[in-house]
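Consider the two complexes below, in which chain A is the common component and chain B and chain C are the respective partners.
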Partner chain A sequence: MNVEKLKSAHKLLSEYKYELGKIDKGYTNRTLYVNLSNNEVKEKPVTQLMKDKFIGGKGFGLWYLWNAVTPETKWNDPENEIVIAGGPLCGITQYAGAGKSLVVSLSPLTDMPVDSNVGGYFGPLLKFSGFDALELQGKADKDVIVFIDGNTGTVRIEEAPLEAVDSHVLGEQLTEMYAKDEADKRNIAVVSAGTAAEHAYVGLLNFSFYDVRRKSIRLKQAGRGGIGSVFRDKKIKALVVRFAGVKGNLNNPADQGTLNRTGIKFHKEMHDFDDKQNRMRQVGTANIIEVMDQYDLLPTHNYKFGSHKDTYKISSKVFTKKITQGMADGCWYGCSMSCAKAVDHFELKTGPYKGQKVIVDGPEYENAAGLGSNCGIFDPDAILELNFYCDTYAIDTISFGTMTAFIMECYENGILNKERTGGLELNFGNTDAALELIHRIARGEGFGKIAGLGVKRMKEIFIREYNADPDFINDIGMEQKGLEFSEYMPKESLAQQGGYGLTNKGPQHDEAWLIFMDMVNNQIPTFENKAEALHYFPMFRTWFGLNGLCKLPWNDITPENNKYTDEPAKIPEHVQNYVDIYNAVTGSHIDKYELIRQSERVYNFQRIFNIRMGKGKRINDRIPYRAMGPVTVEEYLSRQERYDGQLKELLNYDTEGKTTEEKMRTLREYRESQYEKLTDAVYKRRGWTMDGVPTVEKLKDLGMDLPDVVEVVKKHI
Partner chain B sequence: MKVLSKKPELCIQCHACESTCSSTWFKEDNALKSCIRISGNEKGDAVITSCTQCGECIDICPVEAITRDKNGIVRINKSICVGCFMCVGYCPELAMFMHDEYIEPFKCIACGQCAKNCPTGAIFIEQE
Partner chain C sequence: MIHVNGKEFPWEDGLTVAEMLRRKTYTYNKIVVKINDVVIPNEQFETTVINDGDDVKAIHLLAGG
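And then the complex of A and B:
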């Protein structure tokens, strides 16, 4: 790799020198602001108000974005920002999953704020370089790299014309270029997108870390919501941070001993129970593929079904064999869960890198389900190839899976045909067509350009241009608020329908994942129970994003005595661990109740931000019927016994002599009414009006009655 | 390979080894800073905990700060260590230690000082 040649083509646009700081109890108390339109670089103080009300991470991101945009701002306006922030716990090395960055921007898919939680070393190294957050605004004329040297206190904006755009190449080039030598490569972290993000709305960001054993970069993804598309629209080729000298005490925590002991207790738990529980260290999140299939939850053929006879071909056992075992696969130091699995020496069969042997970061469960079963693809190598190209091209695997499944169903229903797709026979299970589609999305070519806009835009186009039946298209297009559903089949779990639908940023599983509690364990039978879960869990899970944490170590392993505790679903001992490490770092004295209130402040703020952008009300919380029940006769018949039984038991409806269509209509009325009742209960529990607007009383109670915020709310009550 | 071997049945739990170890390495008589620990089981019999140089921690370390030296001793390079303490949680012998005052873990490197001060020969350096 001739990085000297690439580097010599760089043109320095701006250089900024800053004083190296010292972190105090998890905060540097500074933000780095970069404007790409005029190359302005400056420091901004992190205020006490920000720390009190927003904590850090996505809280900081949402606050900066709120102040940067107006209700009229679009994703590709220069004033839109990309904010990257860790949080007070980001960068601790003792507790698993503590190196996360939270990325916030106005989304091209949803036209409102989105936040995405991502691993890799950028967040921690940014903080050790002196900044709690990086705020990027404006648009560059030509491709630029923003380089932060955290050891010399230098920020540079450099024009960078020659480097690759696709992340697996660009990440290596920049790691090589900015590291002093091989040993220094671990001190470099790169944020980049890929060629697809230049054409599609589903662009993601890759965050790198250097894998000292593989001697290669690894990529973790801020996948959801199209932030990579914003990044390339701003003509940012990459962000690079360099910081040498990571130690376990750089956050200057108030109580290092408690931090160490709490971390060690968790590491020991992983050591003792992971092999018996979830096998996160062997196969990562892919461990649940066959479990989802077994419980009829694995999205199959665009969420029509929840299982498939061929699932065994893509089971966790298959991927366990493909993943290189025994590597230290944490995406930040100290992650004993180590779920960042990789397949080494994978030979690509298609596309511009055909024949090359690459590292595939994954597959995670979502990829196997989205790229696999949901598209009717049960070939593990095809899933890995799609996974690789999604990452390097910067396409969100979840959105790609869900939109390709949608395209396939449209193809099978005659809404699309070969003429419209440019010759691609996009039937369920056509691996070659799916792979060719991804390359066309990356090139922004023909139907690939349309597909890359996501399900919401495709629905509009198919109705307008192809005369598609709007009712059918809206029933089967698995998006809400513009974001594609993640990969769980929620049809048979009302609580998970709420978990997807009653969310801030659209249907993802960051906020609530209640399928097991609801369906498998039947722990939340009443509306009130479900509403309580749809209050507590989204708030609890929001907290990870305020602090720079990963949520997986919370419940992907449980202590031995968990089932004997008063609230096993909450994993009380782990909740206490988080209270303990938060207090240990920041010197605060919060308890588990204040933890929830910290989240509530930001959660309600985000809801009001959505409302300010013209979304975020009851009408926006509706979900497509495919998420609630059988849209087609084929789906009804596949579960006829269950549906007939429910009609009889729950509605006292005599199914004898009724046509399937009649039964479907009755079931639909019932299920839609259930969702409305759930919505009522959840809004009530969250302290919102029946239109989904947080009340002024609620804001006052939370201490979140900031004048700007109250002003927005008053317009909608 | 040199290791610190043990015969717990000879141990009289005098804790001289802990004093020697912590004094040698941390200049302080403090059992919590010792790389060898003496405790009793339910029956009151002595349990001696110290590193067997098995090396499981080598693969656990995310930064390759733990390596085996040419004499077979598993050593921690403190300048590379990032203080994650995964090695402490993953040690099958529970013989990797943390003390609040230090940001790196510590372990027995079979220096043999404790064995010299053991009055009963319950611990001794052995070539494996």
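And then the complex of A and C:
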């Protein structure tokens, strides 16, 4: 790798010097603004209002974005921003999962704010370099790199014409280029996208960290919502931060002792129980692949079914053998959960890197389910290859899985054919066609260009140009608000239908994952119970994104005595841990109730931001029927005993002598009415009108009655 | 007849917690079982007998990705 040649082609567009600072109780108290149109670089103070109302992380991102755009702003307008922020707990090394960055932008898929939570070192190193957030606005003329040197207090914007675009190459080039020597590489973090993000709307961002054992970069993904597409539209090739001198006390916490003690308690749980519980250290989130299949929740063939006879071929046991074991796979220092698994020396069989042996970061559960079962693919090596190319090309694996599954169902129903796909036979299970599709998406070529626009745009195109039946297409296209569903089958859990549908950014399970509480455990049988869960869990999970934390250490390990607590699903001891470490870092005195209210403020703000952008009301919270029940006779008949039983038990409906179509209609009317009743209950619990608008009274109660916010609400009440 | 997670489930003499979990195909490894609100330790699943009319909770502690 001749990085000198690459570097010699750089042209300095702007250099900004700043004074190094000191973090005070989790905050640097300033942020960095970069405008790529005019190469302006400046610092902004973090105001008390920002800390009080928005905490940090995606709260800061949403606030900056709110002030940067208007209701008319589109994702590819220069005014749109990409904001990257950690949060007050970001960068602590005592507790697991504390190196997260939250990325916020207007999404090309949803045309409203999206947030994505990602590991890697960029967020913590940005903070240690002196900034609580990085705000990127404007558009460059040519490809640029923004480099932040946190040890010299320098920000540079450099034209960078020669480097690669695909992340696994670019990340290595820039780590080599900006590190002083091999030992310094751990102090470099790179944010990059990939070639697909130049053509597709589903572009992601890769956040790197240097793996000192493998002597190679690793990549973590801000996957959802197409922020990588915004990144490349701004002609940003990469962001690079360098900071040498990471220590456990750089956040200057108010109470280091409590932070240490709480962390040690957690690490002991991981040591003692992980092998008996979720095996996060062995196989990461992929541990649940076969669990989902056993409970009929693994999306298969575009969410038609929840299980498949071949799932054993892609079970966690298979991937455990492929993943290199015994490595400390944390995506930030101090994470004893270390679930950032990788397959080493994986030889690619297709595409521009065919024959190369690479590191595949994953597979996560979502990758195995989305790239695998949902597309009818049960070849673990094909899943790994798709996983690798999604990452380096910058394609969100969840969106790719869901949109390819949709394409495959359209192909099998004659809506698509070889002529329309450029020769690709995109039947379920056609691995070669799926791989060729991903390469065409990356090149923006033919049908690949259409596919890369996501399910929402494809639906419009298929109806308009291929004369597809709108009812069928809208029933089976698994998107809502423009975002593709993540990889869980929600048909038999009304609460999870709400967990997908009654969300801010679209059907991503990071707000609420209630399938087992609802469908299996039957812990939330009434609408009011479900509404309470659809209040508490989204608010609790939102809090991770305000603080630069990972959700997984909350409930992918449980204390031994958790079963004896009043509310085991909440993992009360871990909730208290979060209260304790928040207070220990910031010097605050919150309790578990104030924790929820912190989230509520930002959650309601994001809802109103959506409304301001013309989304975010009841009509936008509807979900495709495939998420609620059987669209096709094939689906109904596959679980006929279940559906017939429900018709008799719940509706006292006599199924004798009825056609399948008649039974399907009755079931559909029932399930759709249930979703409407759930929506009513959830809106009521959240303090919203029946059209889904937060009330002024609710905002006053939360202390979020900011004039601009109230003005938006008043227009819609 | 017993109730498992609020729904009727057929009972027979000698039915153990472990056998009930097998019949329900509850295979997940983080399940908390309560019989009439009393927690049953995991190591007693094979030996604990469920009585006719018992209210059984089999709570899966799985809260997703």
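Methods note: the second predicted complex is superposed on the first by the 717 of 717 C-alpha atoms of A that agree within 3 Å, B and C clash if a C-alpha of one lies under 4 Å from a C-alpha of the other, contacts with A are read in each partner's own complex, and residues count from 1 in each chain.
Quick note on the criterion: a residue touches a chain if its C-beta (ideal position, glycine included) is under 8 Å from a C-beta of that chain, and two chains touch if they have at least 3 such contacts.
Quick caveat: nothing in here was measured; it's all calculated off a predicted structure.
Chemist: Identify the partner contact of A:V212: answer first if only chain B is touched, second if only chain C is, both if each is, neither if none is.
Modeler: first
Chemist: According to the stated criteria, A:Q221 is in contact with first (chain B), second (chain C), both, or neither; which is it?
Modeler: A:Q221 sits against neither chain B nor chain C.
Chemist: In the overlaid three-chain picture, which partner chain does A:S307 touch, first (chain B) or second (chain C), both, or neither?
Modeler: Touch partners of A:S307: none, neither chain B nor chain C.
Chemist: Output check: A:T285 vs chain B and chain C. Expected answer is one of first, second, both, neither. What do you get?
Modeler: The second partner, chain C, only.
Chemist: Help me check something: in the complex, which residues belonging to chain A touch chain B?
Modeler: Chain A residues touching chain B: 93-94, 186, 212-213, 246-249, 256-257, 260-261, 263-271, 326, 328, 330, 333-336.
Chemist: Hey, which residues of chain B end up touching chain A in the complex?
Modeler: 59-64, 81-86, 88-90, 98, 100, 103-104
Chemist: Per the contact definition, I'd like the list of chain C residues that touch chain A in the complex.
Modeler: Touching chain A from chain C are residues 5-7, 25-30, 32, 39, 57-65.
Chemist: Which residues of chain A touch chain C in their complex?
Modeler: 276-278, 285, 288, 291, 294-295, 364-366, 486, 488, 509-510, 513, 515-517, 520-523, 525, 537, 552, 555, 558, 562-564, 568-569
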